[in-house]
Every structure is written in C-alpha cells, then in structure tokens.
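Each structure below is given as structure tokens.
Two complexes come next, and they have one chain in common, subunit A, joined by subunit B in the first and subunit C in the second.
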Partner chain A sequence: MKSGKITETNLLQWIKTQQKNFLITEKVVHHQPDFFFDESHEIKNVKEALFLSWDKLFNYQWENQQWQVEDIQPSVPSRFLMALPCEIRAIYEVLDRVFLQLPEIESAYSLRRQSLKIVILGCINPEPTCFCSRVGGNPLWSHPEALFILPFHDGYFLETNKPEQFDIIEKAASLNTTEREEIDNLRKQLEEKTIQEKLSADVPQGLYDLFEDEEWENLSWKCLNCGACTYLCPTCQCFDINAEGRLKGFQLKTWDSCMFPKFTLHASGHNPRPTFKERVRQRVLHKFSYFPLREEGHYGCVGCGKCIEICPVNWNIREVVERMVKKIDNQHKK
Partner chain B sequence: MFESILKELAKKLLREKTVDLVIGYGSSQYPFRTEPLLINKEEQVATLTWNPFCGNNLARYLKYYKNTQHKIALMVKGCDSRAVQVLLKEDQIKRERLYLIGLPCSGLVNQEKLLKQFPQTSLEDFEWKESGWFYQGKKINPSLLLEETCLRCRHPNPTEYDELVGEPMTDSPYQVYQQDYLEPVDSLSAEERWNRWSKEMSKCIRCYACRNSCPLCYCQECFAESTQPQWVSPAPIPSDNFLFHLVRTMHMAGRCVECGACERACPVSIPIAQLPLKVEAIIREQFQFEAGTDQESTAPLLTYQENDPGDFIK
Partner chain C sequence: MEIIPETSDIKTFRLDLENENYSHLPGQFAELFVPGVGEAPISITSSPTQKGILEFSIKRIGLVTSAIHRLNLNDRLGIRGPYGNSFPLTDLKGQNLLFIAGGIGLAPLRSLINYVLDSEKRNQFKKVTILYGARSPQDLVFKWELEKWKNREDLTFWLTVDRGDKQWRGTVGLVPNVLKENIQVNPQEWKSIICGPPIMIKFTIKALLEMGFQPPDIITTLEMRMKCGLGKCGRCNIGPHYVCKDGPVFNYQQLQNMPEEY
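Now for the complex of A and B:
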C-alpha cells in the first residue's frame, strides 16, 4: 500500500489536466464544491459511467431477403471516476456482481469497467438520509485497487495499492508521525460519530418470509410509482430492450424501473405486479432480500440515501426496512 | 394551532362516519419536509400536519378511488382545490363522495432557498401577516423564500371546500408583489430560449415524476409509454424529452391548475412547470379562463366559438 499527502492545489491541478476524462459525481461536488470546474465532468450517478441511461447494442437491416446485423463496440476512453465510498460500493458490491459474473458477462459494461480508474473520496460529512453502515459500508470504506482520498488540515491524504494507475501518488509527500496520528484520529472520530450496526444476518430471509405481510399496502400507498428513485439509485440495474426502426434500425437498451406499472406487463395483458403494493415490495425485497440471499449476504443497497433525498413524496426506504426488521424481531420473540 | 383543529376535524369526520378515509399531510423525520398521509383510523391523526412544506397536490390520489365507494376527506390548498374542480368537471369523481378541508395558503417555502438565505433558522422565525412575509419581525421579499410557482399564485384560498381551517387570505404574494416567474424566460430571444430549454431537456431522465405527481395526468396509458404506436423513444435524448414534455404541456392546456407539483417532484431540478404555466398565462389572457375556479364554464379547448382568439398562434 502506497500512501502520502498532497496539497489541494496539486490535487485540483491533477483533476483539471485529465479534462473530460475525469468524472465526478454530484455527491462529490456537494462535499467538495472546489472539485467542480465544468458541467461536462459532473454526473448525477456512478451508473452514468458504466451502465448508461441508453445504449445502442447493434444495428440491423433487412437486405436481400435477410437480416444484416452489425455489432456496435462502444468506444471507451480510459477515465477516472471520483465518487463517495457508498457510490463506489455500488460498483464493486452490486453492479460488478450483476454484470461481470460468469457465465453472462455484459460486454459493454465490462469494457467501460476495465477502462475506469476509481478514486474514492472519504465521506467526512454524512447526511441525515445516509445509512451506509447499516448495509455493510462505512464513510471511509475503500478498495485496494482504487485511490483513496481523505481531506485533512494540511491538504489531502492519498492511499492506493495500484500506484501505476494513479500518477499523482508520485507527487505525494510522505506523512510524518503527527500527521499519521491526525489521520487515524479523524478515522476514529468519524467511525464513532456515524457507525451503526450492520443489519443482522437474518434480515434477508426474515424479509422474504414477510412477503405476504399486510403492512406492504400501508407502506406503499403514497408512492407515485415514478422512476426517480430507481433511476438515481447507484445500484438499480434493470433495463429494457427496444427495436428502434422496422426494417432498418438499432437495438436500443434503456434504463427501466420496477416502479413503472408496465415493467411487468405481459403480452397477454396480465400483470403480476398490478398495484403499487407489489411494485414497492419488489424494490425493497430485491435490494434487501433476494439480492443478499443470492450474493452471500451482500445487500443490493449501499445506503447512500439518494432515493430518500429526491423522492417527491418522501418515501423512505430506510424507515420501511427498519419497520419490517422490527416485525422480524417481534416474530422471533414469539 | 391549525394542526390541532385539523386533527380534531379528521377524528370527528371518521368517528361520525362522514368519511371513510382522510388524505392529508404527515410530518416527516427530516426537517422542512412533509409526506402524503392516509388516515382511516382515528389514532393515525397523530402525525397530521399543515405547514409551508406541504408541497404535494393530494388530489393526485383521487384516481385510486375512482371506482370505489369510499367517501374521502381531502386537505386542499387553493391550487389543490382547483385540481379537484377540474376532476369533478371531467367526471373523474363525484362531489358527494368528497369532503374538502380547505387550507388558505400563503405560499410554499422552498427548502433550498430557505437553507441558503436563512441558514440555521427555524420555521417559527417566519410569519405571513398584513399581506407580507416577515422574518424575525422584519418584512422580506417573498421571492427569497417561496417556491417560484407560488410567487405567481392567484388563488391562495380554496375555490371549493366544505370546511375552511384557518383565516382566509385577503391577498396572495402575487397580488402584493406582482412577481412573475415567467418574466425572465419571456424576455429571452427565441434563440436564447431554445438554448436554455435544450440544456434543461438534456437533464431529463424520464422518470415521469412530473407526470405522476400531477393530479390531472390520469390517463390509463400515457402516450409516452405507448408502444403501439410508439410516439416517443424510450431513450432519454433531448429530442424525445422535448416531445414528451411539450405534448404533456398541450394535454394540460386549459386544465393545469398551476400548483407546481411537477416542478417540486423533479429529481434533477428542471423548472418544468414553466411550460404549462406559460400556456395557462396565454389562456388567461386570450380566453379569460382559469381552470378549476368554478363548476360552470367550459374549458377553451373543449369548445369552439367563431370569435375564439387566434392571433397568439404564430
């Protein structure tokens, strides 16, 4: 592990010289407004770097009595992505598991993923809507492959296991003992301030068993069934496929949302999730039950709180999960 | 003060079986926010609230009850009551199934403006009196505080109600200050306007929060999601985002009640209400018509008269 410190000026300089190839998320800008220097670098959500809101898969054309199909390879520049620990966990813990696990590797995602160098900005200012530690993260979560950055009184602390990917580490000065202590104290303070216990291991199965619970209806009534939460969620990965053009056109992949009534509408007219109750339950259970049951206990939610922040009716996934967890606890006591 | 009156009223309506359920605003665990609240038991009134953050237009929920027998009490601000009137006129619900709890409204407070202009503040510091907003006893321009759509509100009092909670407003921020949210956009050249809207439209992710929060978007199948035929591409590209928003705007013409719920719902902060608001401004000027202010007049787009004005169509 290579680490060191760097001045703010040098860090900003480094970000600027990468130009269009340095993406930063809205959350980073919120935490460090100085990192923002041009709208074209800012993305709402880490998904925009990997799993695009729309993407062309292949071109097709009916010619000489047969279909001509032409593959489209996305051109992917090597890019940096700076985001908060919760957002980056969405990539490592959720999106990678969905799109990069054998036997079905998503080729466009894989290409974009390989050319992405990840920078994690330690989160020193968690919001009231955040709950990363409840789902296994923490505000200083890092990954050895990434470059971890943490602001402290004298600039920024840097740390990575892949110095060859992040040339800035060459410019970093080593830390003296007092500075090391400061960083350690900062970590400790943050942990004390924010860390909550992770949801207990029986939650995924417990929620699964509550599938038929009558509470879902009360919990979901106010939901407008728009796609704001799922589209701005860093882990939501559902998509739709459409053919654009009859005899000549392209196969189009777009984001889709389990909140939309048409998401599950069958060609027969039957809809297995006909009302807000089934749709809201799906969103909660996919993240907090089905995904962890299938993926060795890893939740499909990273606790970034974005969906709570932007929900037009203040629908709060954290509150809902906590309420259902209480139900599980009560059942155990019986 | 009004909260306790509201709670008592809601309890009474349920107890005396005047209604089967009450739809109101509930308090949230986060400051400066509220959420829609469905009450069908007396004890559920505990979190019922009324403050300048009650931004949802609750008339939106009436579509769930179109084919049920429920009698429903609904909390309505001026704009919400206008939406109810339009729904009544469009035969979406029967008046006798509704009990409207009218709430005179001095404008909704914009959370972002509040925190920016008055950090470390609490709501008690603000007061509407003598036709103005006061902050710690000092008169302030409401544009520092209010939602843009509320700054042009012409109906601070419900246009239809069964019981009014609170003193009726004598005038609205618009009547006092005459600030119009649309003016800065109107004054742009066509090219500047095009550039501005192109930029806004490129932000749209087509989550349909605007449409779904609108009390008057109640189509069984929205044209935007129709696949046979397909009118709009599902890809959120600027051209098709434009198409979606402009067609929605035209569907709202003469029906929009100017509540601004669409704009408050937008998760990517597009000032989307400006489109229907502009259309309503034209209709107000050309046809002397405002949606949802009475039960008799016919919406201009639902009728034809030989002397209908047409000069504004360019």
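Now for the complex of A and C:
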C-alpha cells in the first residue's frame, strides 16, 4: 500500500488536468464544493458511469426486403470516478455482482468497468439520512484497487495499492509521526461518532418470513410510486429492453423501476404486483432480503440515504426496515 | 419457416435453425425478437430430439406476439436463448409420467412429451399418460399431433373439453374432474407434470394431492413478464427466485415455500 499527503492546490490541479475524464458525484460536490469545476463532470449517482440510463444494444434496418442487424461498439472512455465510500460500495457490492456475473446481457458494463479508475473520498460529514454502517459499510470504507483520499488539516491524505493507475501518488510527500497520529485519530473519531451495529445476519430471512405481514399495507400508503428513489439509487439496477423505431432503429436498454405498475404486467392483463403494497414490499425486500439471500449476505442497499433525501413525501426506507427488524426481534422473543 | 394455424388466435411456428449448434433442453424458453417491435419470452415446444428446427406455439395477445402472427413463410425471426432450467430429466428417468395440460399450456409440456416418446429415449421412461383439455374443441392445439398420440400403444391418452359442440364425441368435463374420475395410478410410483391457465393449475394440484401425490412429484412451469432472461432486469422474481433463471420449472414443494406473487 502506498500512501502520503498532498496539498489541496495540487489535488485540484490534478483533477483539472484530467478534464473530461474526471467524473464526480453530486454527493462529493456536497462534501467538497471546491472539487466542482464544470457541470459536465458531475453525475447524480455512480451507476451513470457504468450502467447508463439509456444505452443502445444494436441497430436494425429494413433494407432490400430484409432486416439488417448491426452490432454497436459501446463507448468506453477511460475515466476517473470520484465518489463517497457508500456510492463506491454500490459498484463493488451490487452492480458488479449483477452485471459481471456471466452470462452478461451486453459487454458494455464490463468494458466500462475495466477502464474506470475509482477515487474514494472518505466521508467526514455523514448526514442524518445516512446509515452505511447498518448495511456493512463505514464512512471510511475503501478498496485496495482504488485511490482513497481523506481531507485533514494540511491537505489530503492519499492511499492506494495501485500506484501505476494514479500518478498523483508520485507527488505525495510522506507523513510525519504527528500527521499519522492525526489521521488515526480522525478515523477513530469518525468511527465512534457514526458506526452503528450492522443489521444482524438473520434479517434477510426474517424479512422474507414477514412477506405476508399486514404492515406492508400500512407502509405503502404514503408512497407515490413515482420511482424517483429507484432512479437516484446507486444500487437499483432493474432495466427494460425495447425496440425504438419501426423500420429503422435500435434496441434500447433503459433504467426501469419496480415502482411502476406496468413493470410486471403480463400481456394477458394479469399483474403479480398489482398494488402499491406489492411494489413497495418488492423494493424493500429486494434490497434487504432477496439480494442478500442470493449473494452471501451482501445487502442490495449501501445506506447512502439518497432516496430519503429526495423523496417528495418523506418515505423513509431506513425507518421501514428498522420497523420490520423490530418485528423480527419481537417474534424471536415470543 | 412453416406456420401451422392451431386456433383462432394461436399459431405454431416451425423455424429452420441457421445455427446448427443451437441446442436446448425440454422446458426451456427463448426470447423471440421482431425488429422494430420488441422481444417476448416464449417456451420452446419442440423436443431437442427434433434436429435442425425449433417450434414455438404462440397466442396472439400483445404487441410482439401480434407481430409474430403477421410474419410470412420467408421471414426471419431473431432468437435469444435458450434460457431457464428445464424439466428435471434425471429425476424423471425410469419413472411413470402423468402429463396434464390445459389449453396452450400443452406447448411447454410438448417439448418433454416428444422427448420421452422419441424412439431413442422411450425405453428410459416407464408408463406415459397424457390428459389434455381445453375450453372447447376449437381451443385444442396440436390437433395434428394429438391423433398420433391417441394411436400409440405405449401411452394412455385422455382428451377432454369443458364444453362440447355438435361434432364432439369425446369426453366433456374440466381437467381436474376428468383426472379424479378416470385416471387411476399409484401416486407413489408416478410423477406428474402439469401446465395450463393458473386456475386450472390450482385445481389440478388440489386433485393430485387428494389422489395422494407428494408435492415434490408435482412439477409445473410458470410464466412471468421477462426482459433479459438472465436474472438481471429484475421483474420476474418470486421472492429471491428468478423465474427466468431458477425456473420456469418448479415442483410444488418449491412453490409452497415461495410467496404467492405470481
């Protein structure tokens, strides 16, 4: 592991020289407004870097009395992505598990993934809507493949296992003992301040056992089924595939949302999730029960709190999960 | 491509495969693609023992199936797949098989029926009984093949309709009732494979349980709205199980452990 410190000026300089190849998330801008230098670099959530809201799969055209189908080479820019630990966990813990698992639906995700260099900005200002440690993360979570950066009194602390990918680490000066202590203290303080116990290992099965619970009905009343949460969620990965254009066009993969009634509507008119209750339950259980049951206990939620921040009616997934977890605990006591 | 009209809104499409290496297992499905319209998941009704072709029996019901119904003999159809698990061939080998189908529900079972009836496979299975029913004589599919089955000596074939017409001389009655009244098998020695409209499946399972069948010996296949076929697009799940990838074939014991969200 290579580490060191760098001045803010040098860090900003480095970001700027990457120009169009440096993406930062809205959350990063929130934490470090100085990192914002051009709107074209800012993305609402990390999935926009890999799993695009709108991605063409192939072209087709009716020509000379027959259909011509032509493959599309996906655009694969080599880029840096700077995001908070929770957001980056959405890539490693959820999106990778879905889209890198063979067989792939298309090659675009894995190609973009290979050429993405990840910068993690340690989170020193967790917000009231955050709950990353409840789902296995923490505000200073990092990954050895990434470049981890953390602001401290004298600039930024840097750390990575892949110095060849992040040339800025060459400019980093080594830390003296006092500075090391400062970083260690900062880590300790943050842990004490923010770390909550991870949800217990029986939660995924416990929630599944509560599938028929009447509480889902009550919990779903407030929700508008507008789907805003699913579009801004970094882990929501459901998509649709449609043909765009009658005689000339392309097959299109777009984000989709389990909040929409037509999402599961059969051609026959039958709908297995006909009301708000089934759809709200699906969104909660997919993240907190089905995904961990399939993926060795890894939650399909990273606790970033984005859905809580943006919900027009303050529907709060954390409160809902905590309420259902209490039900599991009560059942155990019985 | 050959097109066989089955009923007023069902046609069977027999496609000549352009890729000779394409292979599937009985019970799997494929995504059929019509450019400019879209894709739809359709079960493969032909048996893998029929080389070089694939058959799909398709009811005209949505955008894609309507477009497929408008295709002509020389048209091409895009295929993705095969997807899904299949009927559990290993478990079924050496067993007596009771097939029960309603309406277009015969299509997915037919891939297994013709596999079992293939001259090279037939001796791997014991007795075969088929019970097939539809709402009316006009709603029966694969009439051209039902005759062949009826005339075979190595299987028992029952045909029934909910309501007959002037020409109908056969059995009249709902599938679960015909099953209970006419088919006498020792449930310990038989496996049942069923498919049909949800209401028919529900009452047939009930009848089979009354006859003494154990839940793991009742096998069925489900349908769901699907897009990717690979367990990624997120809409066909029942609890943590993706119908496109973990299914579409499940036994009743598995279904009992799943929520009723299908």
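Here is the rule we go by: the second predicted complex is superposed on the first by the 328 of 334 C-alpha atoms of A that agree within 3 Å, B and C clash if a C-alpha of one lies under 4 Å from a C-alpha of the other, contacts with A are read in each partner's own complex, and residues count from 1 in each chain.
Here is the rule we use: contacts are C-beta pairs under 8 Å (C-beta built on N, C-alpha and C of every residue); 3 or more make two chains touch, one makes a residue touch a chain.
Every value quoted in this text rests on a predicted model; they were computed, and no experiment measured them.
Participant: In the overlaid three-chain picture, which partner chain does A:319 touch, first (subunit B) or second (subunit C), both, or neither?
Facilitator: Only subunit B; A:319 stays clear of subunit C.
Participant: Give the label of whichever partner, subunit B or subunit C, reaches more residues of subunit A.
Facilitator: So, of the two partners, C touches more residues of subunit A.
Participant: Now for A:231: first (subunit B), second (subunit C), both, or neither, which partner does it touch?
Facilitator: first
Participant: First (subunit B), second (subunit C), both or neither: which does A:242 touch?
Facilitator: It touches subunit B and subunit C both.
Participant: What is the contact status of A:211 with respect to subunit B (first) and subunit C (second): first, second, both, or neither?
Facilitator: Touch partner of A:211: subunit C, not subunit B.
Participant: Identify the partner contact of A:294: answer first if only subunit B is touched, second if only subunit C is, both if each is, neither if none is.
Facilitator: second
Participant: Just to be sure I read the superposition right, which of the two partners does A:286 touch: subunit B = first, subunit C = second, or both, or neither?
Facilitator: second
Participant: Between subunit B and subunit C, whom does A:128 touch in the aligned arrangement: first, second, both, or neither?
Facilitator: So A:128 only meets subunit B here.
Participant: Just to be sure I follow: which residues of subunit A are touched by subunit B in one complex and then by subunit C in the other one?
Facilitator: 240, 242
Participant: Mind pulling up the subunit A residues that touch subunit B in the complex?
Facilitator: Touch residues, subunit A against subunit B: 44, 53-54, 128-129, 218, 221-222, 224-228, 230-232, 240, 242, 244, 252, 254-255, 257, 260, 262, 308, 310, 312-316, 319.
Participant: Taking the complex as given, what residues does subunit B use to touch subunit A?
Facilitator: Residues 28-30, 33-38, 56, 60-61, 205-209, 211-213, 225, 233-237, 261, 264-265, 267-268.
Participant: For the complex, give me every residue of subunit C touching subunit A.
Facilitator: My answer: residues 33-40, 61-62, 65, 76, 78, 198, 223-225, 227-228, 230, 232-240, 259, 261-262.
Participant: Taking the complex as given, what residues does subunit A use to touch subunit C?
Facilitator: Of all residues in subunit A, those touching subunit C are 60, 62, 66-67, 69, 98-99, 101, 103-105, 208, 211-212, 237-243, 245-247, 249, 251, 256, 258, 263-268, 270, 272-273, 278, 285-286, 289-291, 293-294.
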